[in-house]
Each structure stands twice: as structure tokens, then as C-alpha cells.
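Letters A, B, C, D, E and F mark the chains as written, and numbering starts fresh at 1 in each.
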Amino acid sequence: MTRISRYPVPSLAELPEDIRARILEVQEKAGFVPNVFVTLAHRPDEFRAFFAYHDALMLKEGALSKAEREMIVVATSGANDCLYCVVAHGAILRIYSKNPLLADQVAVNYRKADLSPRQRAMLAFAIKVASDSAAIDDADFDALRAHGFADEDIWDIGAIAAFFALSNRMANMISMRPNDEFYLLGRAPRS
Amino acid sequence: MTRISRYPVPSLAELPEDIRARILEVQEKAGFVPNVFVTLAHRPDEFRAFFAYHDALMLKEGALSKAEREMIVVATSGANDCLYCVVAHGAILRIYSKNPLLADQVAVNYRKADLSPRQRAMLAFAIKVASDSAAIDDADFDALRAHGFADEDIWDIGAIAAFFALSNRMANMISMRPNDEFYLLGRAPRS
Amino acid sequence: MTRISRYPVPSLAELPEDIRARILEVQEKAGFVPNVFVTLAHRPDEFRAFFAYHDALMLKEGALSKAEREMIVVATSGANDCLYCVVAHGAILRIYSKNPLLADQVAVNYRKADLSPRQRAMLAFAIKVASDSAAIDDADFDALRAHGFADEDIWDIGAIAAFFALSNRMANMISMRPNDEFYLLGRAPRS
Amino acid sequence: MTRISRYPVPSLAELPEDIRARILEVQEKAGFVPNVFVTLAHRPDEFRAFFAYHDALMLKEGALSKAEREMIVVATSGANDCLYCVVAHGAILRIYSKNPLLADQVAVNYRKADLSPRQRAMLAFAIKVASDSAAIDDADFDALRAHGFADEDIWDIGAIAAFFALSNRMANMISMRPNDEFYLLGRAPRS
Amino acid sequence: MTRISRYPVPSLAELPEDIRARILEVQEKAGFVPNVFVTLAHRPDEFRAFFAYHDALMLKEGALSKAEREMIVVATSGANDCLYCVVAHGAILRIYSKNPLLADQVAVNYRKADLSPRQRAMLAFAIKVASDSAAIDDADFDALRAHGFADEDIWDIGAIAAFFALSNRMANMISMRPNDEFYLLGRAPRS
Amino acid sequence: MTRISRYPVPSLAELPEDIRARILEVQEKAGFVPNVFVTLAHRPDEFRAFFAYHDALMLKEGALSKAEREMIVVATSGANDCLYCVVAHGAILRIYSKNPLLADQVAVNYRKADLSPRQRAMLAFAIKVASDSAAIDDADFDALRAHGFADEDIWDIGAIAAFFALSNRMANMISMRPNDEFYLLGRAPRS
């Protein structure tokens, strides 16, 4: 069987109760267990912090839609050449956006994607946080404000890009493999 | 309707006979006309040379399988962030390889793809031709020979990478849009 | 007074109890409150996840000494041009290593620092995770194993580099300012 | 004798009639056979497509002068560190421009060359197509239009840059050697 | 004892009289001999030219304050990852600016340093000379003039950046080690 | 008349005696005054240090031939896109090497130039000093020693690369224009 991580992958039985519960809940909802859960469960404390952080950014209320948050993930993961995150979050983006084309567009080149100018500005900022954060300055904030983003929205954009800077590096380091299921999810055309 | 090129797109009726014939032949075979044909037909002479070159590299006999040639296209087009070529040739790679996962893997990070060491060496060379050709030297040829590639195979690898260096730049410049059909082609799982 | 963040900085009084407690504990120990605590407290849920992750990596048992973990932070934060992390963790590195020179050396160019070959290999890997994680492969793991690192140590090195990829981007985005106190900490010569 | 390619170089006698005719025609006109003809003739079908493409771009009518087209070749070949194209097309640029200095200027740094602002804008676009085509956007087109370029001219500029992206990579891969004759051609001062 | 250069370091006794005099003068003033003097004294003629150049730029009259000149040194040496120059000139910057924080700020990221907009513009130009001088054009001069810099001031800024491009490369090549004394100099808080 | 510098160019009459003498001596020997002399004479003290440094490196005895020193200048000036130095030192390299082709080869891509493996290793080191000096380590010295270079030769190579890092930046900043004479010098074929 194909390895899904360079590191040992714990079985559900050997996991702490809270982590097993989280995984079973995801499995219930998605129909399968995304590999990020079982591969990162190799380190329970890091697992708990990772998903607490993820949830704080991706599940919170705010002006960014769920699809827009996933656009940030896919665009920055594309910039970081992270296979797991492009494939897994590409699937989630297709589902949230109900658009079967958008994820591949954003992963390859967000400038050519079917996005609004506001969304393109959002991704330009996210890519700058991902790739050249030391150069972020007032002009970058002003550019987003001109598109109607509040400062709290900008924090959200930057924090998601920053969190996936971590996530992409972990996935690349341990060679985390995307589940085969992700590749096809959400690809059925809009009806 | 979404534009498929920054430039005017000729109707079939206004095209020279040989180009129309080629396009109808493709349509017959694929069930739709890939946008690269109608967008490049804006310049008939360049069209003819482009597809003559394409066919000379992609249809010729040789040690590289058709799937391997498409791997080179997808990997280098990913390195060049070319949406049209990643999506269109990703579809062709899925079809030739009968592997619904491989194209996305190769587009994002060929090092994590389900490939043989020989194929990974092939793509490392192709990426070097695409991104840093001035540094190609004897050691690069030796590395491929060690995997059993003949010098004529190496020409094929490098020439495909070189041709898509051209193709990616044209597609990026004119904002060539991939047909919606490509995104889903070849994604049905192996049976 | 100089701003320490682009974003509002909460007073202790307005913070949730657990966050206030954590901050008071740090203040007790360090004699001042590092700005990372009060600036990130603007987002309590993200604060909790951030420090849980930090503690899971930096306080856990393991083969890497506390000074070595801080070397990873300082080297990668230098590569990311993150003022807060270079200055704050530089201070911590001076304290843990009882070496007043090491932090500046590692921040500017770890290859010229007073380190063992094993530590230099550790930092080479950390920098690769920070700057080019998509290219991490078996050879990188083998290089660290040759210096006696176990695979769990390698996870630690990579995970610290990955976590500070996040941390550096947050600090750069919000223009987090290091406390003046950090600059001088641990600079008294060894006795 | 110095090798002019890593690959076998066919003699005129062994070449297909059309290719031999083309080569003899060039020899008649130039007084020698540029190595690009005999080295690429190793692959007759690719040879035909290559020169058909070349002619479609370089010999067509249009607003760009022949010297301007060669400027694009020399500037982008300089950016790609391609010895053959810098030397051979540098010679052609000297001849077409009747300026013995321009080719070296454009090859090293077009910003310091004796050019009009319009020509400098043309080369800035060509270099962007050569080096960062994924970032080409409306603003790049607007900048050229402001200098009076029609959209068809912009296609010409971009297509020449794209074609020599291919040509440079082929020359670098096979170590194509410029003929000694090129170095001195067109260097006699204006009279 | 720790080596301060890859190359032999002459004793004072074996040095030519003028070089010995210069070194004794520095020692008298600084209380120790900075390693740049004894390591470069390995080549007396180059030593003389190096310090004549240094003095012509750093000791001359002009609109730039001594602290501003050292800011240029520290910022560009940070960009070049030069340990000796960051540490030694960081100390001098702390002394001239009477600001114990500024050197570390400028070395890591001048955009986050306690500087005036005029000084930030000065350092942006210096970094461009250090890292991408071929792209310097009229717009860069205009930007500095808008901040009140005269053209002679701009020469000073660029020439200091250019001289330390040399200095950083020499220090990196010979692994010049900063004296331990520099790390602590000027760190006592302003009083 | 074409400007040869962004800055005022002094007439011979207004120059200090020693500088005028040096310039007249060069004119006597070369038949014209290279622009580097009159443009840098705008700053007499810097002029004196610049040429003292130049002479210390380029006129000294040593294992490197004069042609080899000029190869280092041309290769690194090509990497820095410095028009003045590529053109002026290209001429000098043609003269010293008695090879009319070598300068253009080395300026564009030294890997394709008619050089010995020893000379190619020399230029690889020089380019690393020019472009990435912070990464120079023992392995780089060992590579040169394996080609028979003594450590003093390596200093020469690195110091020439470092000095022209300065020179290229000055020329780029002030837009120093190469004299028309240089372009043709030394191009007559070997006899």
C-alpha cells in the first residue's frame, strides 16, 4: 500500500480519546479520513494545536466567505508547491464555491481565475504574506481597504496565509499524501 | 460568454481550408475544439508552424511513451504557472496514463508524484531546461544516461520542455482559457 | 509611544482569564511582557492555538537542546527577515546557550557561527524547510541521520522551522515590535 | 575541430532535399552556413517547423522594423544566457540597425542602450514574457498601447520572445556553437 | 584560539610601517584592533586602497550624517548576509546614532526600523544598488530627490552601498570573524 | 553629444595634477581616454582609491595570467549586467588573450566558452563570490585547490570578483557609458 507519510501513522485504537473522536467525526461527515488527520496524529499535542488553530481561522465568523478562505489556502499552497494542500483544499474549494473549475485555476495562476477584482486583490496579499512577508507595508493594507476589506478581514487573510505556510511545510517535510478521494470531489458540473 | 483570448477568435468559416480541416479533425476526435486551436488560428502561419512542431515532438516514435511526454508538458507548464497547458495537458496525461491522479501530482510537485526514479530524473532534466537551461552541462546528460536514456531520448525531453516554454508564454500572454471540458476528462478511476 | 502592532492591543483587564493568567505568568518570569503575547491576544482563539503549538514544540522533551531549538528559530527568522523573532528569540538563544555571540552569528549567517558540524547540518535542513520545502527529499533526511539525528529529531527540526514560518509571517504582517528589553538580554559575557 | 553541437551534425549530402535547399540558399546569401541550420537539421521535422515559425514571426509585414524584432531576440536571449542567439542575432541586429554598438548594449542591459522610450517599453514587455509570463496582465498591454503599439504589434513582440524562449533552450541544451563569422559581422562603424 | 580569517594574519611586527601606524592609531582609539585591519593587512597594497576608499566615503563631509552612512552599511551588509560587517558596523551605528536598537532593526528589516521616511527611501536605494544595480533608473533618482537628497548625496549613498558590496564579499570569502568586543558596544541604553 | 555619466564630467584642466597625469598616461597608451577615468574623476579621492585598488589586483604578479584576470572581470560583470565593464573589459580580454571570440563567450555564458576546466572552475568561484558570497565554504576552496590553485590565487580570484562588484555597481548607478572604441578593439582574427 502506498505510504501516506514518512512517519509512522497511528491506528485509531492507539490514539488519545479526543483525537479519535475528532477523527471519527470527520469520517462521519466526509465519508473518509483525510490523511492530514492520521499523519499529524503521530504527535498528539501538535495535532491538537494544529486543528485548534485551523478551526480558529477557518470556522470563525467574518466577512470572508468559506470559499474565499479556501481560495487563500489553495493559492498559497500552489505557490509553495504543496501537493496535499492543493489537492485536499482544492476539493473543499470546489464544494464551497460550487464551482468545479475554480480550484485548478487558483492553484495554477490566480490572475487567470474566474474571480472578482476584490478576490484577486485578496489573493495578491495572501501570496505576498506567503512569499515575501518582510516587504508587507502600509500600501498593501491600503490596497485591500480600497476593495472594502476591513482591517480584521486583512488579519484573516494574512493569518490564513501564515497558517498554511506552516501546514504546507509540514506536509512537504513528511511527504503527506492526499487521499485519492479528494481528486474527484466537487468536480461534477454546476446544475 | 467568457473570453478565451485577449485577441479576436476567428470563426471556422473565416479560416483557411487546411486549418479548418485540422480543427474539424480534432473536434471529431475529442468531441470539442480545444481553445488552443481557435485562439492560435488568429495567426494562420504561426498556427501551422506551432502544430507542425507540436506533432513532430509529440506524435513521433521514440522511447518516451505518450504519457511520459505529457508528464514533461504538465511538469514544465506547472513550473511556468500556465493555466491552459496544465489543465489541457493534465487531461491528456490522465487519459494516456490511465491514472486519474498523476496529472495533479506532476503539476504541483513531481517529486511527490507516483513515478519511477527514471521518470523523476526525466522531469528534473525537463524542469532544468525550462527554468535554467544555461546551466545544463555534461553532468545532466550523464544523470539521464545512468537511467538508460539514449541521447536521442534526451533531445526529446529537452525539446518538449523547450517547445512548451514557447507554448506557455503564448498562452499566458494572450490569456488563453482552457475549455471547461478538460477539467473533468480522464478523472474516472481506473477499473 | 511607539506602536507595537498595526492592530489594537488589548489591556490585561479586557482579556479572558486564561490568557491573562498566561501573560501574568510570563511577566513574573521574564520581568516584562513580550509583545508577542499582547499583540496576538487581539485574537484569543488564535492566541491559545499559537501558544499551545509553541509549547508543544519548544517545551517538549527530546534530543534537541533548548538552545538548539532557539538556533532553528533564529536562523529561519533571519532568512525570513522577521525583526520580532530575530530579536526576541536571539535573546532567548543567548540565555539558553550562555553564549552572548551566537544569536547574532546565527541570525546573519549560520555558516559562520560557532557551531558543531551537526548543528550546521541541523540549520541547513531548517533553512530548506523554511525556504524551499517542496524540494525536501530522502537525501535531506539521510544527511541528518549521518549526523546522528533520529527521525523524531528531524520532525522536531522541521516542525519548529514550519511553526516559525507562521510566526514570522504574522509578526511581519502586523508589524510586531520587539520589546526594547530583548536587545540587551544575555549579552553579558560568559564568566 | 571544435564541436558545434552535442549531437551528430548531418552533412549536406545526407539531408532531405528541402532542407538542403534552404541551407544552400542561406549559404548563398550569408557566405557561410549558420550553425543553427546544420545542428537542428539533425531532426528534419523539427527543423521544418522551427524555421517555418521563425519565418512567420521574423519575415512577416508589420509595424515592428526588422531591427526591432532582432532587438527582442537579443534582449531575451541575453536574459536567458544563450550564447548562440546573442552572438548570431547580435550580428543580424548590427546589420539591420546599421549600428555597430546596439547589439552589445541590448544583450547586456537594454536599459542602458541607445533606444527610444518606445523601444525600451517594447523590450521591458519582451523580457517579462521571457522571464515571468504568468504575471502578464492588462497593465502591461496598456503600457505598450501608451507608446502607440497596436495589439497586433504586442502579439508580435510577445510571440518573438516566446519563440526564442524555445530557441534559447534548444541552443543551450545541445551546446550550439555560434559560427566564428558572426562575432565580427556588422561591426564596421557607421559611415 | 578561534581563527579570524582563512588566510595568514600578519603580526604587527611584520607589517609595513604605514599599515602598522594605521592599526596602532585605531587600537588607540577603539581600545582593540578590529579584525578587518589585521586580516586585510595580509595584502598591504589592497589594504591601503581599501582603507583609502573607505575613508573617502565614510569620513568625507556631506549631507549624510555619520549614522546615516553606517545605516547604509548595515542594511546592505544584512542583505548580503555578511557577519563581519553587520556586527562591526552595527556597533558603530549604535555609537553614532546613540540608539542601541537601531542597528539590529536595520540589519534584519529596515522597513520596520525607527527611521524617518527620508531614511527609509535612502535605504531602499542602497539595497537596490546592492542587489539589483542594473535596474537603477531615473525614477530611483527622482524618488530620492523628492526626499530632498541632492545628486551628490545620491552618489554617496550608492557609492557606500557599492563599496560594501566589495567589503562584504571579501569578508565572506576569507571568513573574516568579528571581534567579540563589537557585539556589546553601544548597547547601553540612551541616557 | 551622448552623455557618458549621470554626473558632471570634469575637463582635464580642472583635475588635480596626479589624476590628470594618470589620464594622460592612459590616453597615450590606449589612444583614447576610457570613460571610467573621466567619470570617476568627479570624485578625486574615490578615483585615487579605485585605481589603486584596481592596480593592486590587476597589475600584481601572480599565477593568474592577465587574460585570466580579465575573464573574471567579464564573467562577473556579465552576471551583474554591467554594460561598461562587459564592453571595456571585453576589449581588454580580447587583447590579452589574443582571442577575438572569448570575451563575448565569457560575458554571455562562461560554461560554453573556449576555456580549460581549470578556468571554468575559476569562473564558477568568481560567479559565486559575485552572486552568493555568503554561501562560500571549504568545499569551494577545495574545488579550486583540486585544479592546482594555491590559496593566494584563490584570494586573487575572489578579490577581483569583489572589486568588480563595486565597480559594476558604480557604473550601473551613474550610467557610465563605454567608449565607442572598445566595441571593436581586439576583434581582428588571430593571425
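Rule of thumb we're sticking to: a contact is a pair of C-beta atoms (placed from the backbone, for glycine too) under 8 Å apart; a residue touches a chain by one contact, two chains touch by 3 or more.
The model shown is predicted, which means the values in this text are computed figures rather than measured ones.
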| item | value |
| --- | --- |
| Set of chains whose contacts include both chain F and chain C | B, E |
| Steps needed, at fewest, to go from chain A to chain E via touching chains | 1 |
| Chain pair with the higher count of C-beta pairs in contact (B-C, B-D) | B-D |
| Homomeric contact chain C-chain E: same or different residue positions, threshold half | same |
| Between chain B and chain A, distance of the C-alpha-averaged centres to the nearest whole Å | 28 |
| Averaged-CA centre spacing for the pair chain C and chain A, given as whole angstrom | 24 |
| Centroid spacing, where centroids are CA-atom means, of chain D and chain E in whole angstrom | 44 |
| Junction residues of chain F - those touching two or more other chains | 81-82, 109, 134, 172 |
| Contact graph of the chains (line, ring, star, complete, other) | other |
| Pairwise chain contacts, counting only pairs that touch as defined | A-B, A-C, A-D, A-E, B-C, B-D, B-F, C-E, C-F, D-E, D-F, E-F |
| Chain B residues within the chain C interface of the complex | 109, 111 |
| Chain E partner contacts - residues on chain F that touch it in the complex | 6-7, 42-43, 45-46, 48-50, 52-53, 55-57, 60, 80-82, 129-130, 133-134, 136, 141, 151, 155, 158-159, 161-163, 165-170, 172-174 |
| Residue ranges of chain C touching chain B (in the complex, touch as defined) | 134-135, 137 |
| Chain A partner contacts - residues on chain B that touch it in the complex | 2, 78, 81-83, 86-87, 90, 100-101, 104-105, 107-109, 112-114, 172, 175, 177, 180, 183-184, 187, 189 |
